[in-house]
Amino acid sequence: MTHLPGPIFNAPGRATADRGLPTPAYDTPRPGPQKEKRLSARPTFFQRLIVPGLLRTWWSGVRHIWQKKLTVQWPEQVREVSDNYRGVHRLNKDDRGRMKCVACFLCQTACPANCIRIEAGPSPWPDRPKYAVRFTIDELRCVFCGMCEEACPEDAIELTRIYSLVGTRRDEMLFDKEQLLTMYDLTRDEKHPLRW
Amino acid sequence: MSDVRLTIDDREVVVPEGTTILEAARSVGIEIPHFCYHPGLSAPSNCRMCLVEVQGQDKLVPSCATAVADGMVVRTGTPRVHESHRSVMEFYLSNHPLDCPVCDQAGECVLQDYSYGWGSATSRFEETKVTQPVKDVGPDIVLYADRCIMCTRCVRFLREVSGTGELSVIHRGVRSEIHVAGDRPVTNPLAGNIVDICPVGALCSKDFLFKCRVWWLTSTASACPRCARACSIRVDSSEGRILRIKPRENAAVNGMWICDEGRFAFRQWHGAGRLDVPLVNGDRGFTHCDWDEAIALAARSLRQVAMRYGGESVAFIGSPWATIEENMLLARLFVSLGATMGSLWPAPAESPQRFPGFEISGEKAWNVAGARRTLMDVAGQLLTLDRLADEIERGRVRAVYALGGAYRGALVPCDDLGLELLEFFAIQTCFVTDKGLKANLILPGASPYEKVGTVRNERGVLQEVNAVMSPPGQARRDWDILMALAKALAATVDDDLTRAVLDRPAAQWNYTRSASGNE
Amino acid sequence: MELSESSRQEIDRLIATCRTRREAIVQVLEIVQRGQGYVGDEAVSYVANRLGVGRADVEDVLSFYPVYHRRPVGRFVVKVCRSLPCAHMGAARVVDHLSERLGVAVGQTGGDGRFTLLEVECLGACDRAPAMMINDDVFGPLTPERIDAILASLKDG
Amino acid sequence: MMIAINLVKVLIVFAFVQAMAGLTLWAERRLSALMQDRWGPNRLGPFGLLQPLADSVKLLLKEDITPQGVDRLLYYLAPAMSLAPALMTVAVVPFGEPVTLFGQYVVPLQVADIHLGILFILAVGSLEIYGIVFGAWASNNKYSLLGGVRSVAQMLSYELFMGGSLVGVVMLTGSLRLNDIVASQQHLLWGWLPAWNLFRQPLGFVVFLVAAFAETNRLPFDLPESEQELVGGYHTEYSSMKFVMFFIAEYAAVFTMSALLATVFLGGYGLPGLSVAECGPVWWLPVAQAAVFLTKTLLFVLLFITVRWSLSRLRYDQLMRLGWKVMLPLALLNIVVTGTLMFLWRTTG
């Protein structure tokens, strides 16, 4: 049986000996430098002067003053978000303009933020028994994780790239079925190569 | 009947002669997959899911219809058995619409569960699936014939348990379907059970349809308040609303079934019209008041009557809709005031309904037996309502305090009690009935689904009752109202009282909690 | 259509010999069909009442056996097997051909009332697939030419 | 007439310090943003200069919450006590040589020309601690109290060598009057180096600078506030106007301290060659001197700001060790060295 060195359990040459166990072959001190570098070594004289270090730190902040700025000056500048950005939800429509959702509640079940609320009822169309009578997403609770999209068996719910999401009251941010279907109309022609 | 010793999956099993392999396996916790077998019905062994390997037999045998034999060696998990399961599942799934996302059964569907074990992720089936219509089976039941796997549990239930036989299987092979004879839709009082026993989402309750996905239901074990049989039930609720009620298996009470009256009994307390504030009858008719006022008024009035005419002029009326504890607290409280006369609201009586495999009691309240016995135990005697009416007329009873808790209209037969002759009448109830309108004080109590306690059914079985939700608005559990009244009447009484009440059934009635039972 | 008196008597005699009522269903239906040529709705109700079982039970049995007819049939009842061996050997083509030649759809009776075309399960003639049965005679293996010849002989007969 | 002129001076200086506090706030926000690769407030007015105004309007309109269980008197007093010393210290700081108005009134360009200027500053500056401690104590909040306690310890430790670090300057000047200190820095050393105390008292300057940071409770010495651990320290429970006063006090203190630094170590309003003695009483001289003074002051303000956004806060024990074991000995060393050198200079030169 071969022994593999176990640095976690046996510090070279010490731990096993302390426990009165025979020293395994691999535990014999190896030739060469054994001294470890320690992070908490005594500071050198130069380090103990502090002031040069302080100046260096100060300068590292100050030189940023004339470096390139990352801020996007919204709304004059509009940020180009990545293709798989996850923004406001939309409820997709089929080619006949009907909501695709069949009210299976899988998005509601998958949602980690509990922001989706569906009320199901008998569908007015013959090709499905059930559809969502009400479909509400609390955009304030949503964490935009995309799990609803992932869970949907009908590709009926998707996240768009729309990120400018503002309201002046909380109830404005409860997006109902009509609003979510409108989001589809707004983003119908957008293509999301990574997810759609 | 002698015992048979056999081996199932290397485990010694001893069961009575005549037991089937499936049941024997079940008794030691080995679950053999099955569709058509149901413990409450005959076993036609037509689903072929429960095939197992028996040593010495070439072919696999249907475990639900094969009786055990001495020395039998059964294996339920061999590759051959699993291959059989896979074949059967492929067969079922080839013509199943696989519409789990919109199917109400999803989450509690046997076919779905077995698919995880033995279903194939891909299908070899290229042909068009046979589609069948959605059929209206009865006023409460709809059949999604597409999803049906022809286990015939519903057909057998209607033949064997309800004895009505409205459903049958017509045609054969892939075209077979569940058929409702045109003139006889499924309207029998036990019809709801076929929805429960349907292993897939073919039979759905119209009442529950699309209401909620089952994984969001909270299940509470309780007893059915609808009749004196007090069937063991499971109340499924979501967000504080009862959405459906299903039977719990309890051999001592209801076996495996409940009747539709009990299934939908929650509607009688649910919904609009529930009393949710205390009402006091003053100069301007009934007005709302707060609880402190109401309890103070009750205590003051009862004490006044007791002082002026003696304690025995105060009477109480228990309720068969209240738990044993509530009735006992009521009786002890009033006996401690000096009351000697107590009565019990009669439960509405109908003729009992008997079916080949089930019986519905004619007394329409769950705790008739428990309430009567409790009140008798504490008060020593129990007057009929007629006797109480006499006593009121003769002026020997001047104040009455009653538990109600009944559904709307259930207390109507007690209209001629002569309440107008009383100086004080208070009732804890759920609805403002005609009766209530003659009261001085109406206190909003709890429905049977909002209580915690014990009930005793007509066969003497005690069952735990658990609260599914809180009473609406300001309404309170009747126990809490009585405790508040007890406190207002005599501050020292309550600790002793509680202990006495809570210990009593256990000590006296060889109290065995029988609320367990299997799902 | 009323059941004939003789059929009723025959049914009564039969029931007297049966232990349970359900087991009599097959034979009672047999009697009805022999008397009327088919088992109509009224007959189903009569049988159900007479035996004290549900209509559903009667229809259960009735629909299982293709020998029973729910509607009046023609003089020649043409039953084409659609079970697996016959299906493989081209039962669908046989049905199409018959349907075209007789001018009736599957399950229908021709305008002149001579032919009824039905699809049934196995006729037990897998060795002669595809097979069909006209009244009590089984024919197969079938080709369009053979079918034409058989039909022609029927017209003659 | 002198009274009127003095009143006008008081008003001007008072308003000016307030305005500079706002400007400092703006500069802090812009600079901190720039140091973090952002732009900072740039919407309101040119370069966002009106942002402090908007901030104060916002803060004034906020609900003024008085938490339960506060010591009312001290709670209301604390912000004012915090603001007052910061505004008072600036009174003795000169921003130009005296001018003669209407040919008869000699007006010193400072609110009060007192002989004990330095002592006045040290004394009044120490009062600022009362605002903080009162606020911390009165708030009925453990975090505030902790901030207050830290503040006291910090002030006690750093006041000591703050005074000590100025002794060298006073020894060189021979006066505690700020005008004298400014005047003593007007000549050139060796013909090219301004005789600023920065160069004559480098050690004293460093020690005083450290003390100045500590005195204004700014990073790396903002232990009384330390948002990350004490929420907001002594002003956690303050809102609206009272919070504004604490806020202004901080920036007023920064400005005042910068002015003091400029005066004592950078020659104040003076530049070599820019004085009545050399230019005569020309009308633009006071303006130029004020501008020089302001420039020097703003340099220190910038230093204060950039230091805040680049250095991290000291731990409490480090703070104490730095004060007592490094800065105090250094201050004493500075006195000894200065005294020795002065003695040598006099005996030899």
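To keep things simple, chains are lettered A, B, C and D as they appear, and every chain counts its residues starting from 1.
Everything that follows uses one rule, which is that a residue touches a chain if its C-beta (ideal position, glycine included) is under 8 Å from a C-beta of that chain, and two chains touch if they have at least 3 such contacts.
All figures in this text were calculated on a predicted structure; none of them were measured in a lab.
Visitor: Could you tell me which chain lies farthest from chain C when each chain's centre is the average position of its Cα atoms?
Guide: The most distant chain relative to chain C turns out to be D.
Visitor: Counting C-beta pairs in contact, which chain pair has more, A-B or B-C?
Guide: B-C
Visitor: Give me the ID of the chain with the smallest distance between its Cα centroid and the all-protein Cα centroid.
Guide: A
Visitor: With chain centres taken as the means of their Cα atoms, state the distance from chain A to chain C in Å.
Guide: Roughly 68 Å, centre to centre.
Visitor: Roughly how many whole angstrom separate the Cα centroids of chain B and chain C?
Guide: 49
Visitor: So how far apart, in whole Å, are chain C and chain D when each is placed at the average of its C-alpha atoms?
Guide: That pair's centroid distance is 112 Å.
Visitor: What positions in chain D touch 2 or more of the other chains?
Guide: none
Visitor: Looking at which chains touch which, would you call it a line, ring, star, complete or other?
Guide: Line.
Visitor: What are the touching chain pairs in this one?
Guide: After working through each pair, the chains in contact turn out to be A-B, A-D, B-C.
Visitor: Where on chain A does chain B make contact in their complex?
Guide: Residues in contact with chain B: 102-106, 109, 120-122, 128-130, 153-154.
Visitor: Spell out the part of chain B that touches chain A in their complex, as residue ranges.
Guide: Against chain A, chain B makes touches at 99-102, 134, 144, 209-211, 213, 215.
Visitor: Under the touch definition given earlier, write down the residues of chain D that touch chain A in their complex.
Guide: Residue positions touching the partner: 31, 34-39, 206, 306-307, 309-311.
Visitor: Quick check on the complex: what are the chain B residues that touch chain C?
Guide: Contacts found on chain B: 164-173, 179-181, 183-184.
Visitor: Quick check on the complex: what are the chain A residues that touch chain D?
Guide: Contacts found on chain A: 51, 54, 57-62, 64-71, 73.
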